[in-house]
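Have a look at these structures, which come just after this line.
One chain, chain A, appears in both complexes that follow, with chain B as partner in the first and chain C in the second.
Moving on, here comes the complex of A and B:
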């Protein structure tokens, strides 16, 4: 009796998450209909975002700027975070002394636990002025957002990469050393190829997180509807635009924001599926 | 016996409690008057034990939620035209006057030292003047050392009644500015922040920036703000007195549901960037409307001091009387 109950309960929980996923997708899709009909795929290339002054139900909306802003801030974050995270993982698995491994691991895991609003505030009040004196510009802008995003995703990447590097069998490493390989050669030719799946998986998962980050980026990207000419220019991203405009939007603008949300949903979903099914899955086999 | 008695008492108590709670009035909308409404509702509760809940979510949200009848009353910094009011079946009246200051962050320039002519304000926010030592700004500030640095303007990222009232003022200076809750800014260096606090934070952080914020934020954060040239060509510091002088010139009439944007008023001593904030009521809900007007009647009579303390300007007496009369003619007093 109890066993059956438990079985039903866990089955229910499992299917529930599936239905929530499908439910969210269909809501986004149906609410985005007005905008999809009005603008179609031109939406992706249009730079205007202006509600009509007389009738707030109408207006012209395009998603090009937030799309570009999202991609650029993510690219900056990935370029900075990937080598650093790899370094951390290699240090923790191969180089660090036993007494160091634990404190560094804990520090990294704590970094992952900090809520994004804290990164946003720290970034705006402390980090942005530093960026301004170093690179010019306004302090807030694409580069500052990208760098803080990098700091936010490093722990994820480092932790997953470390775990996958830890799965390299000692026999392989020891044989390489026995052949006279240096530490660098072991890392390059044994550990990296063996844990490739996990490393790529961690990069893609971090990418998914960087794409959807809202609060910290909203503080730091400047929230201006413009194509950035320099890396220090202010621009906007999809989640930031949604967060800033949701409470006030009506009609077509609201529908256009659902359209943007749908784009973000599909992109993140695709990225995480690729990571899960292709790279992380391979490692298990 | 005693137990069931206890249960009954508890039940009665719960019912009465829920009943009083159900009596509370709910409002939301404009964040500009948020602090003063909060003070008024708290004092009103102390005086009358009537609970009024106001959530400052933004003017647009206020209009939306009162149109859908989700709340008992709404606040909006943007007055609705009589035609729109009719369509949405709403009453409207002003509640309090506030002001918008131009706060800046320039090394060595203290509060009230920077003088901005009407031409300078227009040039800065249109992007025609890109550096602080531009001729149009420097002309009025011969005694200040303005840096040869680019100007960053700090604006709102969200749609806002504050922006609406500020662009209304800009439009009076130069009609190429569009009056809008969220315009497209043409200046080269723009940084947007969410709500007054976001814009204030940007001004504090970014050197050589200038932005428009509500007066109470300037006071709270101690930001330096500029003297602005008014309609009569006088440079006026943003102070409660100069706001009061400005409010006198507002032309409100009950037959238009008090529709008026009061920015850029006449008067030699008027601070030019002032704004009224409005209350919206659903026409068909007579009973709750009476409770709302009772609250505002009380606030008009007893709330002037707390409003001035917070940096707002109470409505002139004649306007308050006109509003009371408006309530009577609409049968909601």
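Moving on, here comes the complex of A and C:
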């Protein structure tokens, strides 16, 4: 009796998450219908985002600018974060003295736990002026958003990469040293290839996080509907545009925002699926 | 004296953070072009001694060596415990190869696995690499199985093949000594047989030290046997003597299976 109840309950819990996923997707899809119908795939290439002056329900909307802003800020973040996170992971697994490993690891895990609004505030009030004096512009903009995003995802990437590098068997490293390899050669030829799956997985998960980050980017990217010509220019991103415009939008604009949300959902979903595929692939081996 | 390749003199070893030494004043000769087996119950220090012979202990900080381990390479005598620089240790490890308990192929192709050590040692010439890879694979009795798939991943081979590949990888460096740390304990009997034949074959060119838990293996394979117990070298002699007519009561008890 109790067993059956428990079985039903766990079955219910397990299927619930699946239904939520499908539910969110179908809501996004159905609310985006008007916009999908009106603009189709041209939506992805159109730079205009204007409600009609006479009828709030109408207007011309295109997702090109937030899409470009999202991609560029993510690319900047990944380019900065990936080498640094690899460096941290290698330092923690191979180079750091035993007494240093624990405090640095804890610091990194704490960094990963800081809410993004705090990164946003810190970025806006402290970091943006520094960026302004170093690179010009207004302080807020693509580059500032990208750099702060990088700072946010580094601990995340470093922690996963470190865990995966820690799975390299000691005896494999020893046998490379026993062939006369230096520490650098062991890292390059044994540790990196061996933990390739985990490294790629960490990059993809961090990518997914950077794409969807809203709060910090909203503070830092400038929230201006324009194509950035320089890296210091202000622009906007999908989550930021959604967060800023949701309260006032109506009709077609609202539907267009669901369209944007759908795009972000599909892209994030695809990225996480690829990451899962890699992790599973590693377990099979 | 002239036939020695290596010799430990009053060698003691203490692991980091431990007070008592794990090896106590070991005096062990290693004869050239012979197979020396080290036997003894778990924890007797045989692997610790083996791992001192190429200073692999140095990968972990604060281990303490005392005494001497002399290597007689190219007619020169050198105490390997005096080596300080990373470059000297790298050279030592190319002269003193090591094979581990489990096969440890690197995550790369069969060819690259064998060529790896030579590339580290600075061999760049492609035809020389090709030649030495083939020779090493032939010497390790694995050329026939691998010649058609040199560029496939070494991780796809069977355990026994992987272990022979690891031997080939070490042979390719033309070491003076090869250290085997229970090389067959993770393998099935057929693969074990192949590895034993290979080791017996290798002693023409290289001196061999093998740690084993398997006393039949020691008696089949080795010319000399050292019996160790709790960090002491109890007895060292010709293998026949150790197994037929040991001097020490402890040795006799161990090889007749009364403890261990």
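Keep this in mind: the second predicted complex is superposed on the first by the 277 of 285 C-alpha atoms of A that agree within 3 Å, B and C clash if a C-alpha of one lies under 4 Å from a C-alpha of the other, contacts with A are read in each partner's own complex, and residues count from 1 in each chain.
Please note the rule applied: a residue touches a chain if its C-beta (ideal position, glycine included) is under 8 Å from a C-beta of that chain, and two chains touch if they have at least 3 such contacts.
Just so it is clear, the model here is predicted, and its values are computed rather than measured.
When the two complexes are overlaid on their common chain A, residue A:17 makes contact with neither chain B nor chain C.
Within the superposed three-chain model, A:189 lies in touch with chain C and out of touch with chain B [touch as defined at top]. Of the two partner chains placed by superposition, only chain B is touched by A:224; chain C is not.
Judged by the touch definition given at the top, the superposed model places A:99 against neither chain B nor chain C. By the touch criterion stated above, A:175 is placed in contact with chain C alone, chain B being left untouched.
If you check the complex, the residues on chain C that touch chain A are 54, 56, 59, 61, 86, 90-91, 93-94, 97-98, 100-102, 104, 106-108, 116-117, 120-121, 155, 166, 169-170, 173. Of all the residues in chain A, the ones that touch chain B in their complex are 50-51, 53, 56, 124-125, 128-129, 132, 138-140, 218, 222-226, 234, 240, 243-245, 247-250. Against chain A, the residues of chain B that register as touching in their complex are 57-61, 64, 152, 157-160, 178-182, 184-185, 189-194, 201-202, 205-207, 209.
Those residues of chain A whose C-beta lies close enough to touch chain C in the complex are 97-98, 169, 171-182, 185, 189-190, 193-194, 196, 285.
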